[in-house]
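Reading through the structure tokens given below for one structure.
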Amino acid sequence: MGRTIRVTVWNENRHEQTNETVQTIYPEGIHGAIANHLKKEGLEVTTATLDEPEHGLTDEVLNHTDVLIWWGHIAHDEVKDEIVEKVQQRVLEGMGLMVLHSGHFSKIFRKLMGTTCNLKWREAEENERLWVVQPSHPITDGVGESIDIEKEEMYGEFFDIPQPDELIFVSWFKGGEVFRSGCTYRRGCGKMFYFRPGHETYPTYHHPQVLKVIANAVRWLVPGEGPRPFFGNAKPLEEL
Amino acid sequence: MGRTIRVTVWNENRHEQTNETVQTIYPEGIHGAIANHLKKEGLEVTTATLDEPEHGLTDEVLNHTDVLIWWGHIAHDEVKDEIVEKVQQRVLEGMGLMVLHSGHFSKIFRKLMGTTCNLKWREAEENERLWVVQPSHPITDGVGESIDIEKEEMYGEFFDIPQPDELIFVSWFKGGEVFRSGCTYRRGCGKMFYFRPGHETYPTYHHPQVLKVIANAVRWLVPGEGPRPFFGNAKPLEEL
Amino acid sequence: MGRTIRVTVWNENRHEQTNETVQTIYPEGIHGAIANHLKKEGLEVTTATLDEPEHGLTDEVLNHTDVLIWWGHIAHDEVKDEIVEKVQQRVLEGMGLMVLHSGHFSKIFRKLMGTTCNLKWREAEENERLWVVQPSHPITDGVGESIDIEKEEMYGEFFDIPQPDELIFVSWFKGGEVFRSGCTYRRGCGKMFYFRPGHETYPTYHHPQVLKVIANAVRWLVPGEGPRPFFGNAKPLEEL
Amino acid sequence: MGRTIRVTVWNENRHEQTNETVQTIYPEGIHGAIANHLKKEGLEVTTATLDEPEHGLTDEVLNHTDVLIWWGHIAHDEVKDEIVEKVQQRVLEGMGLMVLHSGHFSKIFRKLMGTTCNLKWREAEENERLWVVQPSHPITDGVGESIDIEKEEMYGEFFDIPQPDELIFVSWFKGGEVFRSGCTYRRGCGKMFYFRPGHETYPTYHHPQVLKVIANAVRWLVPGEGPRPFFGNAKPLEEL
């Protein structure tokens, strides 16, 4: 394309303030780890966090973001409704949105899904294996047939989401559960991708295949040049 | 099945108070016309309207409704948020929801879709023809290949909804537009059906094929006996 | 509905001739076990097998079948192409088709899918757990959140099928794989359901939940009264 | 991406031999018109036609084709089955396939769909308007909300195809019909796009928006670097 892709990585950034394990794994925060990788991929990346004014998501930032990545967990309720509405509006206008892991319970994801987005979970250091079920999708480029993650939090079905437009990954967990781990949706003029892995106490965002998926997904999420629809009262195009 | 199907037909019921054309076409209101037909089909039907206490949608009513039908137009904003949330909750628990015509802009529909649900429109007494594009679906039973409606309001694409799980009808309008007119969605344990026709100043809800579709859809929307999922912390099912 | 549902259970019926384990588990054949259960459910059931004239699928039989169930494994190639074409034709006209387990490689399934329908497999007596991912679907009625099968053959992704219209079950296997185990498709005026479990040397078709799914699916697969489309040269419906 | 995209435009090329209207509109054939446009877009384009040895689709050609475009009408039956099977195999391996207009009845399209692909049709010089119903899809880039074609053959529903993975365009015809005109499918590791317009006696493949859609679709159809799945007997990945 040639065109620069502008990514904003948003992180709640709270575990990073209090949990030593998280600090050790992600010295620059989860947002920092993801941002650093995407910069190496040649993307234009900035970060934003909950405790910044307007959560770092000013109109200026949102209007210059092609793809927004969202990680949150313990402070979903602190995200202001007016910011959530602006993000939703931007997605419907075309901005790509990638929601990671515990972001399944974020206000913005639930608002765009219309469901509870609830699930089963367990923290037991168990291994996860994500299987590709849609090998023709660019999000799977260079990923191989499956991704093995040594230790992860378990998320299990039923995952209360609308049927995905495209189901890309399905996870296997040692404890006996499965999960729809990579799901795309289209909303308005925008595209969305939910990607499951990434519990804060494991080094998941240093895993090369996980990072590969995230970079692929950013490129897939970039807004296109499709029509910006006209809504409202419309004159007939043919004689009545 | 043998089991009685309990339907609640909800109507804003405002045009009926002020507009003589509407009063002439629907002397018992839009809700009355639909309810009368469904009763003839052997269903257990009640009605509820905006100006009743709690809009007629008390916990008692909602908890004993298998399928809720929704018609609204000029007073979407007067529907209380807490009632909308209860209806959403009931859909996610399994209650079927049919949204008719201008209900596309209702709070409940927008909340379950996650999009603006905006569209093009025109009131020009033009004819509409709905074509079946999914003939194996029970919603099309006995309907024939297409439904001709002599005079209707036009709704045109782009209709800002998520891609339907199943697209059943596509409308043709004389003025040059098309519209995805019959769309199913699954949300949580519940099913939804959006059906386009039904402008208040035309006798659309006396049209035999339109009534046939509504009755078919009620039967398809009835909650099943599928699992009521458990959410939250889950013990492993296999040894870790 | 009141209307009798006519089911034909088709089985290759070859393992039953030579394998003592299979004979012990299924003294009346796999077709017999499935048919006996469906009869108890009040359906009108007949069986047909490969070595009968026309494989037991005469025009008379096919024209009086609402739902055809298909089990085959080692003799897919012996099924005559003209019979396969008749079955395909009947599905497109509205007959329901349920393909079980190793039927994934049958001529009829591959013909209706357009893909290789290939997969990974392993016979290792390992346990399988099928998770419901679409709890609003009638195929899951009374099944509960998951089905545990103590010993089954493993089938693993990538399963080379078109993206299902509806994904109902996802399987977990102890050895580390997942599989899209319950998939619906619509083809022409007919409906299809692929259901994974059922290796011949395990008593899977005596498992109450597996039998429940099969009975539910039969009811879902029954042809409707939707339009039988007209094809070919068509006069304009509006003035040109 | 930087990588050269190799397109093969296949045309039956029979109307061009006998019909003066077609010769006047497409002096270099339908394949020539499409190929010339794609060359201007910077793609590496070759053409192939029915009457060449192996229909111009030798192993050498197919193995070096990223995206195959298919136009056929009166000679579908003359396409050899072994060539059709090779094309299907290549699609399942990843090659993109775009089927145009009357190609709906080609052997390769019917084989990959599993249905009759039948429809209603009429040649009456009537106008067609294609509406975008998925504005976030790259196939709609730069196309605008609708495409007006002054004179086209009518194709009407029911179009006997599987429900598309993504429905991009819906057509309106003056005579009263609608049609699902732009449909994507995934088969194996390959992607497919069916695009309706293009009757041989009208200058449709000189229409700038139609050519824009075709060029967009070529880019979307390019094979990715997703996994090439392993099939067959698989060792367990976990201890049994």
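Read from first to last, the chains carry the letters A, B, C and D; within each, the first residue is number 1.
The rule we apply is simple: a residue touches a chain if its C-beta (ideal position, glycine included) is under 8 Å from a C-beta of that chain, and two chains touch if they have at least 3 such contacts.
From a predicted model like this one, the values you see are computed outputs, not experimental measurements.
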Neighbouring chains shared between chain A and chain D, ordered by label: B, C
Interface residue identity across copies chain A, chain B - same or different by half: same
Mean-CA-position distance for chain D and chain C (Å): 32
Separation of mean Cα positions, chain C and chain A [Å, integer]: 37
Of all residues in chain D, the ones touching two or more other chains: 129, 132, 134-135, 145, 156-158, 163, 165-166, 174, 176-177, 186, 188, 227, 229-230, 237-238
Partner chain C, residues of chain A touching it in the complex: 129, 131-135, 145, 156-159, 163, 166-167, 170-173, 176-178, 180
Chain B contact footprint on chain C (complex, rising order): 94, 129, 132, 134-138, 140-145, 165-166, 174, 186, 188-191, 223-230, 237-238
Chain A partner contacts - residues on chain B that touch it in the complex: 88, 92, 111-116, 118-122, 124, 126, 154, 156-158, 160, 162-163, 165, 174-177, 185-188, 227, 229-238, 240
